[in-house]
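Two complexes follow with chain A in common, the first pairing it with chain B and the second with chain C.
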Partner chain A sequence: MSGPSRAPDGRENIRFTFDGKEYLARPGDTLAAALLANGVGLVARSFKYHRPRGIMAAGVEEPNALVTVGLGGRAEPNTRATDVFVHDGLIARSQNRWPSLSSDAGAVFGLAAKALPAGFYYKTFFGPAKLWLKYEALIRRAAGMGDAPTKADPDSFAQRSAFCDTLVVGSGPAGLQAALTAAEAGDSVILVEQDAALGGSLLVDPDPALGADWIAQTIARLRELGARILLRTTAAGYWDHNFVTLAERLAEPGAVPSHGFAQRLWHVRAGRVVLATGVIERPVPFTANDRPGVMLSRAVRAYVRRFGVVPGQRVVIATNNDDAYLTAQALREVGAEVVAILDARTQADVPAGFPVHFDARPVAAVGTLHHLTGVTALVGGRTVAFKADLLAVSGGFTPVVHLHSQAGGKLDWNEAAQAFVPGAIAQVCTSVGEVIAPLPAPAVVPAGSPKKSFVDFQNDVSLADIDLAWQEGYRSVEHMKRYTTLGMATDQGKLGNLVALQRVAQEQGVTVPQAGLTTFRPPYTPVTMGLLGGPGARNAGAHVRRIALHDRHDALGPTWQPAGYWFRPRAYPQPGETLGAAALREARAVRGAAGLCDVSTLGKFEVSGPDAAALLEIACATRVANLKPGRGRYTVMLREDGLLMDDGTVWRLGDNRYLLTSSTGGADRMAQHLSYIRQVLRPQMRVSVVNVQEHYAGLALAGPRSSGIIAALTGASAPAHMGVVAAVIAGVPVWVLAASYSGERAFEIHGEATAMGPVWDALLAAVKAAGGSTYGLDAMDLLRIEKGHVVIGAEADGRRGPYDLGLHKMLNPAGGFVGAAGLTRPALTAAGRHRLVGVEAIDGAPIAEGAMLVAREGAKVEGHVTAAGRHVLGEGGIALALLADGPDRLGAEFLATSPTRGMHTRVRVVSPHFYDPAGERYRD
Partner chain B sequence: MTDVAITTLPPAPLHAFEIWSDPHGVAGRFAAAFGADLPALGTSVQAGGLTLIRYEPTVWLVEGDASTLAAVLGDDGALTAIGGGLVRVRLSGSGWRELLSYGGQFDAFAPTFAPGSSAATVIDHVGVRLWVENADSCVAYVPASFGAALVHFWHEMAALVRA
Partner chain C sequence: MYQIDCPHCGPRAQSEFTFDRPVEAIVPPDAAAADALQALYTRTNPMGVDDEVWRHTYGCRAWLVLTRDRVSHAIDAVRALGPEALS
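On to the complex of A and B.
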């Protein structure tokens, strides 16, 4: 018998499938262990050459055994078989192969490997540019990894915070001891372990000095002291101020989580971080060092001792350090034959009883799809062949310094270990355990063919590719990385980067630190998009803001429109009615009778106190102090540079009490602006500014019959245009503001949001009785365009001042407002500025919103359409536009052209006030 | 088992109580009228049927019938109704602190966040104010427009707290 195996012991009761074939696993098996136990050595195909790949490691550093786990939206591609614990019903599939894993047509690329060196596509597919899309499709199809699921993830993800005195990453002996010491000193402790079991290296190499029960006793003590222990949790990122992000698996990949949550992202702020992250064993470069049956030495030991799997019966071990002899011992314990130990060192004090060859290096491995059949080695300069089904390799140990480096820590070079170890660090962080003291392992000059000696297994980067990059002039390790794609796969070069750096240093004739090192960036291991905030993380996105009367509107069946975070009724279509038809019907109801609209989302601020008017005259660019009680005024607010920030209305509710409204989209900005004025510019003022945007729900009642409705419902005459009165409607105290955005006689009714239901009901009934209807945002837009009212974000687009929008005559001549100084800049009134105009279609055709205004096709752009509509009661397209020197060009004709919409309309420049320019309809 | 309950409370009178001048005088009048000091930042006081929570440097959130506070303020501040814009949600049970750990970066377990304390933070992108009612419950003051969504979020996270 050859290849991996495991003798059954009766605990094989978990069923899983790989590529459709059913297997049995033991509790606690990783998928990799279970596959090896079932004799499966071939697990994957490589990225570029489709070479057969097996299982190389036993932890998250596994570069080869990437599989897709799970079905439908729960499928998780590119999952390391070494990082999935088998659960009953697990479905795993191999990737990047066709038609099957064992007979992969893509393997033909391996035959053409000489023609596909590093950077081949840069040299091959450089032109013509338009053909790149075809090249790209072919390349992506041929080279690739797992397919992203096309269905929505059915699971939920959670994000939570935690704070602790000490965060310990890694639960090997050093990590456990550090956690225990901290907890016993009274620290609040969080201990995280990416494995499903605590103990780290002790799970494989028990320490007699600690005793068999040390792990269990330590865990029990930690729990007793209140430490939080997180298993299956990876410290993925280490940020400033000891902020560490942890990715916790609440369910194994592909499994149905019992409580609906698949993963949890922890945001941990720690007083101190202890990194006990251990080391990763380095592979050894030689010909076909990527074949199934070539494994890392410690991984072999892990499969033997932790999972009871014997990865091979006849084993060659290649090493440059003492650790691999422990593997030889473990293999002998389970009856495997150690055929040879190839020790690259010329001498060492090693255990007796093994066939040790010093000054020995592997040259090549050969084998079947599932295991090796032989190993060729260079022993003291002679080529020697061994029959073996497994080659365990150890090229030394690379400390896991990722988190240390992410935290800004420096790295020191350990010459004896040929590895970087944690150095000085500014954050409160210490590294402990093997990560700071890797075993000595001298550099070894590889034997074998560089072309087939792989250093980055995931991206099929060989020593020859490194050599080629050097020959082609790539001197910086960062350039070499990008040219060869070394370390750019999902494993981020955990195994291969240092091997490659040794090669680069050798080429340059410098030391590894002189050759340089690429940057460690989060995450340490891949993190699913769902965890970070993809569509599956339904709670990770911003919420919808509901207006107070949401349910009442919803009962009328509106089409809802996102407006920032808000959802507002866009229109209330009747059965069979299009959105456009509904909007026009609603707008006509306003023009002809009455309409009712929800304007609760407007920004609203209550400003009170003896200095209220003075503060408002700083925030607003118009006069406020001369407003009489019971009166209001349209106003604009400017930025410091004199450009328009927002607009709204200001109302004097009482002697020292004002209500300022602003646009929906600008409400938060205005809140910040007013706070800045109040707290920073004028802290001495005797004034209170309170954001009452949500305290008041607002309803707009517009149309020629609106004043009659107000009079009927309040029992008093409606206030004159721009007047405000306190009133009671349906028993609810409200403010009635006579303001119009539609061009009709209109009112805003504001009252406490929790009480406004009856007010809505009363107004709606009255509106319907008057022959009117509700109206939504689309109708509101038709009405305001026809009236020539600007809107923040369209006409006031962040580049317009009052002069551009025809608002300069209303500015406070006394100045003193924010933006007054900025307004004096000559550029803001210079010739050629794009200023507000109206345009109407010469032939009555629709005008495209966003259309460019040009004299003729191909001519320079002189302006653009900001908002397009139509005459509400009449026919024909109309629009508001910004046009160079617009008001001076009334009567001029342009082409309003929108190539993206395929709309080209001849228009004439007119006044922006298409409807009732004298404002007669504001009066009863 | 860790338990947590989420209860949306009925609307209540809420006001912003802002002082713009003579803070010591106002504090003295408040103490005389209610027998308690105006609470400092991060704290609250319950007196005379009112709950006052320090809200901003010069502003307190007042829950209850605030009509008597007008006299306390005199010409040194303003009382502005804000109850229509806030939803009160009570989080109770042994898991309320853990529930508050979800969706934000807030140390709900800090010893300083004891009964009577208040805090302002962001939970799941929503700015909320928190008041620790007692050891077993906390009241969150949530912008009304976000109320339904945040309560939904808390109910979802409660499943994880209870697990």
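On to the complex of A and C.
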């Protein structure tokens, strides 16, 4: 018998399949352990060359054995077989192979490895483009990992926040001890362990000094002291101010969650963080060091001791340190033969009784597709061949400094261990255990062929690729990394990055720290996107704001339109009516009789106090102080750079009381802006600014019959245009503002949101009786375009000042408002600025919104259409546009062209005031 | 994610706060145009400690000044701004 195996002991009661074949596993097995127990050596194909790969590690650092587990939307590709605990019914599949793992057509890429060196893509980009197109199709099919599932993930993900005095990452002896010490000192403690069992290295190498029950006793004591212990939980990211994100697996990858959630994301703020993250064993570079049957020495020991698996019967061990001798011991305990220990050191004090060869390095591994058959080595300069079915390798130990480094900690170089260890750190964080004291392991010059000596197994990066990057002038390790893709796979080079850095250092004739180190970035291990999205992944993240009269509108069957956080009626189509026809009918009702529209979402601010006018004169770029009580005016608000932020109306409700309205979409920004002015710029003012956006619901009543309706419902004559009165409609106190957006005589009626139902009912009945209609956003847009009113976000697109939109004449000549200084910038009034005009279709055709204005096809773009509509009562397309020096070019003709919509319309530049330019319709 | 010690609310997560501007870029509305533009467009942007205007937008909504190290991200002090801070 050769290859991995395990003698059954009757506990093999878990069924799982790999590539369709059914196998049995024991409780507590990882998928990797279970596959090895069943003699499976070949588990995957490599990313680039499709080389056969087996299981190399026993932990999350596994680079080779990536599989897809689960089905349908629950499928999780690129899952490390070493990081899945087998559950009954687990379905696992290999990846990146066709038609099967054993006969993979893509393996031809391995033969063509010469043609795919580091930087292949970059070099190909410099070749003829045609060639690249040919390669691309081929490469995209061949190079890859698991397929992303095409169905939605049926699982739910939870999120939770927590805080503690001490967060301990890792439950090896050092982590457990640190947690215990902290808990006994009275700290609240969270202990996280990515494995399914606590104990870390103790699970493989029991410490006789601690005793067999130490783990169980420690856990019991921790629980007694109230510590929170999280298994299958990875500290994925370490951020500022001791904020650590944890990814907790509540169900194994691919499994159906039994408690509702698949995973939970923890946001933990810790007073102190203890990192007991241990080390990762390094591979040894030699020819075909990636074959199935080449395994990390500690992984071999883990499979033997923890899972009862014997990964091979005839074992060669290649090492540069003492630790591998423990593996030899473990193998001997289970009856495997240690054929040879190749110790790269010239001498060392090692346990007796093993066939040890000093000054010995592996040169090549040979084998079949599935298993190893032999090892050749350089022993004291001579080539020696060994028959073996397992090669256990140990190239030293790389401390898991990822979290320490993410936290901003410096790294120190430990020359004896050839490793970076945690150094100074500003956050309240300490590292304990093996991570700060890796075993000595000297650098060794590799003996095999660089082309087949892999350092990044997952991305198929070999020593030859590192050499090539150096030859081609990539001096910085960051450049070398990007050129070769070293460490850029899902394992982020946990295994072999340091081996590559040693190579770079050797080439440059410098030390490893001089050669440099690439950056450690979160997450430590891959995190499912659904976990980060959490509940928000199912639309729970974006809240919906409903207007106060939502149900009354809904009864009328409108088409709802998202507007900021809100939903507003876009139009109220009658049966069989298109949206466009409905909007035109509604707009015509406004022009001809009366219309009723909900404007509750407008930003609204009540400003009161002795300094109310003074504050408003800072926020608004128009005069406010000279408004008489009962009067209002249109106003604009500028950003500090002099460009338009928002527009609205300001009303003087009483001597020291004003109402400021602003656009729906900008309401939150305006609230912040007013708060800034009030609290930061003018804290000494005696004024109060209250955001009453949702306190008041607002209804717009527009049309020639509107003032009659107001008079009838309030029992008093309607206020004159831009006047405001307090009134009562249907028993509800309201403010009636005579403002017009549509160009008709119009009013806004604002009252307490929860009380406005009867007001709506009364107004709707009156409007219907007058032959009018409700109207929505589309009709409102048709009306305002025809009137030439600008909209924040359309014409005022963040690049326009008052001058551009013809608003400069209304600015407060005294200055002193936000943006006054910005307005002095010469560029804001320079020639060539795109300014507001109207355009009218010469042949009456529709105009495309967003169309470019050009003299003729192919000519330079001189402007664009910001909002397109039509004459409401008449016919023909009209639009508002921004055109270079627009107002100086009235009468000029352009092509309004929209290649994306396939609409090309000849237009003439006109005044933006298409309708009632003298404003006579505002008056009764 | 920072932890910011709001003088009104106590220590809270950064996600409740919004950065606004460095203190040096506060421009009084009655400032001379040249001074205002200087403050708006020519900022010193020091590498290291600076005073910054933040707002506890999703908390008490008050404005704050953080003395923050832009390299280490340490926050040395947080003080209230606005009417509460007037003596």
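In this section, the second predicted complex is superposed on the first by the 845 of 924 C-alpha atoms of A that agree within 3 Å, B and C clash if a C-alpha of one lies under 4 Å from a C-alpha of the other, contacts with A are read in each partner's own complex, and residues count from 1 in each chain.
The rule we apply is simple: contacts are C-beta pairs under 8 Å (C-beta built on N, C-alpha and C of every residue); 3 or more make two chains touch, one makes a residue touch a chain.
Just so you know, these numbers come straight off a predicted model, no measurement behind them.
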Partner chain(s) touched by A:546 [first = chain B, second = chain C, both, neither]: first
Touching partner for A:618 - first (chain B), second (chain C), both, neither: second
Between chain B and chain C, more extensive residue contact with chain A: B
Partner chain(s) touched by A:302 [first = chain B, second = chain C, both, neither]: neither
Touching partner for A:269 - first (chain B), second (chain C), both, neither: both
First (chain B), second (chain C), both or neither touched by A:681: second
Which of chain B and chain C A:407 touches, first, second, both or neither: neither
Which of chain B and chain C A:694 touches, first, second, both or neither: first
Where chain A meets both chain C and chain B, residue numbers: 267, 269
Residues of chain A touching chain B in the complex: 156, 158-163, 258-261, 264, 267, 269, 539, 541-548, 565-566, 606, 608-610, 685-688, 690-697, 751-755
Footprint of chain A on chain C - complex, ascending: 1-3, 13-14, 18, 20, 26-33, 36-37, 40, 53, 55, 57, 61-63, 72-75, 81-83, 85-86
Interface residues, chain A side, partner chain C - complex: 239-243, 267, 269, 408, 426, 618, 640-641, 672, 675-681, 683-684, 816-818, 820-822, 824-825
Chain B residues within the chain A interface of the complex: 11, 16, 18, 20-21, 59, 75, 77-78, 80-86, 101-107, 109-110, 124-126, 143-150, 153, 156-157, 159-160, 163
